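So that you can tell them apart, the chains are marked A, B and C in the order they are listed, and the count of residues begins at 1 in each.
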Amino acid sequence: MIEDLLIYGAISGAVYALLALGFTLVYGVAEILNMAHGALYMLGVYAFVILFSFFHLDLLSSIILATIFVGFVGIAVYGLIRSVVDEVLPVLVVTLGATLVIQQLSIIQFGARDIRVPPMISGIVTLLGVKILQDRLLALALSLCLIFVLWIFISRSKIGLAMRAVAQDREVAMLMGINTERVYMLTILISGSLAAVAGMLITRPVVNPNIWQTPLYMSFAIVVLGGLGSIKGSLVGAFIIGYAENAVLYLVPEGQYLKGAVALAVMVIVLVLRPAGIFGKRMEIER
Amino acid sequence: MTEMVTSLLRRAYSSFASHIFDVPARLLAFLLFLLFLVMPLTNPGYFIYTGEGYYILGILVVANIYAIYAASWDILAGRTGQLSLGHALFYGIGAYTVAILYKFYALPLWVTIPIGILVSVSVALLVGFPCLRVKGPYLSLVTLAFPLILTGIFFMFKDVTGGELGISSLPAIIPVPPYTINQQRLAAFYFSSLLLAVSSVILYKIANSKIGIIFVSMLDDEVASKASGINTTKYKLLAFAISALFASLAGAFAASYESSVGISMLALTMSFYPVIMTILGGIGTIYGPIIGAFILTILDRYVLKVVVSDALAHTHIIERAEDLAPWHMIIYTSVVIIFVLAWPRGVTRFVVDKLEDLEEARELEEIKKKKK
Amino acid sequence: MHLLEVENLTKRFGGLTAVNNVSFNVDEGEITGLIGPNGAGKTTLFNLISGILKPDSGTVKFKGENVTGLESHKIVNKGISRTFQVIRPFRHLPAIANVMVSCLCPRMKKKLTWLKSPERKALDMLEDVGLTEMALEPASNLSHGDLKRLEIARALALEPDLLLLDEPFSGMNPIETDYLTKSIRRMHLDGHTMVIVEHKLHALMKLVKRVIVLHYGEKIAEGSPKEVAKNKKVLEVYMGRVI
């Protein structure tokens, strides 16, 4: 029982971390609350399903091409909000609008019905006495890899440094010669890609045009709980919620109905105790 | 006795006159409102029973409802800066209270609507407390959670709330036998217009009162507001409660008008409507959200559904008018996006700014003439 | 009994001790200066007294009552008001509304009753600081000097028993400085008790009867302006080693 929880909690945590990291990056660097995050997630699944199931491309190509596609859609969304990027509310409305447009286009293109998402690889493995689908294990491995790569990129590379500089103080970064516009674009590219991969790894067994909602408010819950803009926070938050959800599933009878509410409930509880999230900065009172 | 009544009426009239007739903008608004009320009677055929599956008056009723809902969001977000993304919570509570009380106790509307409002305000005070400690984007995201949590609770108690199916067969403002359908439609229109008029006047008065000043001080600088001795917690809760009051009023009336309630009333999209309408119209004014609500409702239910579909079908760009349906949402959303990008501070702000520019230009012209 | 008693007040931010065991008293009717190099903890001290920050240890007593750690609006309603080093106007409100906010708090509601409306009181305060013409202008249209005067009007509108002024002279030209000096003298004559933080020592030393000097969060000197100006430690701190 505990082993089940341990392993499935880890899987959930890792893939949720991918999802949340994208959202927190965009907020940390550009102060944008990207309401289209869930829609990009959904597009990732659709693109993957088309390439993998219908065109029968191999797994790696499907993932990479689908991710590139969603990355570009993300840049398109950025193109829309460029002119109002500093104003909270217009950004909110426009990214919301983009989400609804993406949803509607998905309905037109794929229909409102469920489409089956195939597992990436078939087969079952036994780990610590627990039977897991190889597909889930691959999801775990891939997520951890990507998180690791992202961590190295942000903390070691020059571009990562630029991103961190812009996140801290945009004006000063500009004065230092950093092209903030390009940094924003790159950030959204990365964020969209992470969302897309998260979609491909999480969404089972079916995809339909409504699935953008859950990852959106899951991202909110995790990022708020961990602290907006904090990478550490998103990682910790993702695993907290991943484990909490699985705990409820296993320990509470009829737990599956409560699964969605767990993330939200955890978020509300943490915010009451720490109004800026676990690792969030408290808002400045006076300089 | 009659003397007292006449003097009261005279005072009421003079207060009314000084408020409305002396200010040209308000006079205009008042006249437009009178026109709006009289309109359906001028051509009943067109307004009350037009077309298949819709009627103009119905569209206006929905616009009225959304206008109240959007204005309720604006007084909270535009005046105190608390950007709630979960306003559907109060709308849904208003609606579901009416529905549940009717389903189980057959209580009439004039009882259930006030109870719905009461429940909603109580929830606002309850929910407001944790929300107070939380600021900025955190507040927005937390408020987003509440209607979703309520949705989960509603699903747990399916027998009470009806689950996905909701509750239907709710009473209308006036019943159809003995009245006719057309009379019912007229009643819905006049009643909702009255609600909108009263709500907007009350909200306007609050926004421009001493309480309104305190609200704006909290929006501008909460620390400075506290340093002026204001208990910001108390006023934030007050704003929440006022906002919830009007949102639930809109929801309760909607329940009666649509004669049903469904879980979609608590959905994310329902929380987003007042935001979109207010931003489009102009945040922080009371008329902005009202205008935004009207523009978007008429765009959605009339312009796109009827005018554009018919025109395109006529010119054979699409086969039948109904074929536009899937693109309807995309066009609507694109229009919203274009509007918000073009006028990020709202349409009404843009118009007011332009009018002020014209005014300034005119004054400059006059000064130039005098110099000559 | 002193009007204000500050005892062993300490505040730490992580590893930095911003205010370290500071104690002093203020009596009614005094004007006291609070000086020290940048980062000495003067504004933090004001924040602790006015309730914006809670101290880690120590007490603040006002009129004999322990007000340590109370929320800022509660302390305001007890009679302590302050201005901010970096002005904090309500930009969306006109000048008169800025002052009216102070007139709408519980303290002023009690004091004003039906004798004077909040609007009347606000107009009077604007007159006192010479801002009557700008009464209906949105605060965002006012100049920096006007806004500093507005800050003082807002603080005075609370009819405080103790007024904390945080760098009131900053950003002012000589004419404005002169005007403000006269205003502060007038307020003192009217009976206001004040503590003033200021870097412009020439302006400050003319006004105050007593000076407290802070350095790295600690009180290093206290006395009349003349005594403090001759104090070796103070000179060292401000000018490096004394020759």
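Things worth noting here:
One rule holds in what follows: a residue touches a chain if its C-beta (ideal position, glycine included) is under 8 Å from a C-beta of that chain, and two chains touch if they have at least 3 such contacts.
As the structure is a computational prediction, the values presented were derived from the model and not from experiment.
When chain centres are taken as C-alpha averages, the shortest distance to the whole-protein C-alpha average belongs to B.
Using CA-based centroids throughout, the chain positioned farthest away from subunit C is A. For this pair, subunit B with subunit C, the centres built from the Cα atoms lie 45 Å apart. The centroid of the Cα atoms in subunit A and the matching centroid in subunit B are 34 Å apart.
For the pair subunit A and subunit C, the distance between C-alpha centroids works out to 48 Å. Subunit B has residues 223 in contact with two or more other chains. Touching of two or more other chains is recorded for residues 285-286 of subunit A.
Shared contact sites, meaning residues of subunit C that touch two or more other chains, fall at 52, 84. By the touch rule above, subunit C contacts subunit B in their complex via residues 50, 52, 71-73, 76-77, 81-82, 84, 88-93, 97-98, 100-102, 104-108, 118, 154, 158.
For subunit B in complex with subunit A, the touching residues are 83, 85, 130, 133-138, 140-142, 144-145, 148-149, 152, 155-156, 223, 268-269, 272, 275-276, 279-280, 283, 326-327, 329-330, 333-334, 336-337, 340-341, 344.
Residues of subunit B that touch subunit C in their complex: 210, 213-214, 216-217, 219-221, 223-232.
Subunit A makes touch with subunit B in their complex at residues 27, 33, 80, 83-84, 87-90, 92-94, 96-98, 100-101, 104-105, 107-108, 213, 216-217, 220-221, 223-224, 228, 257-258, 260-261, 264-265, 267-268, 271-272, 275-277, 280, 283, 285-286.
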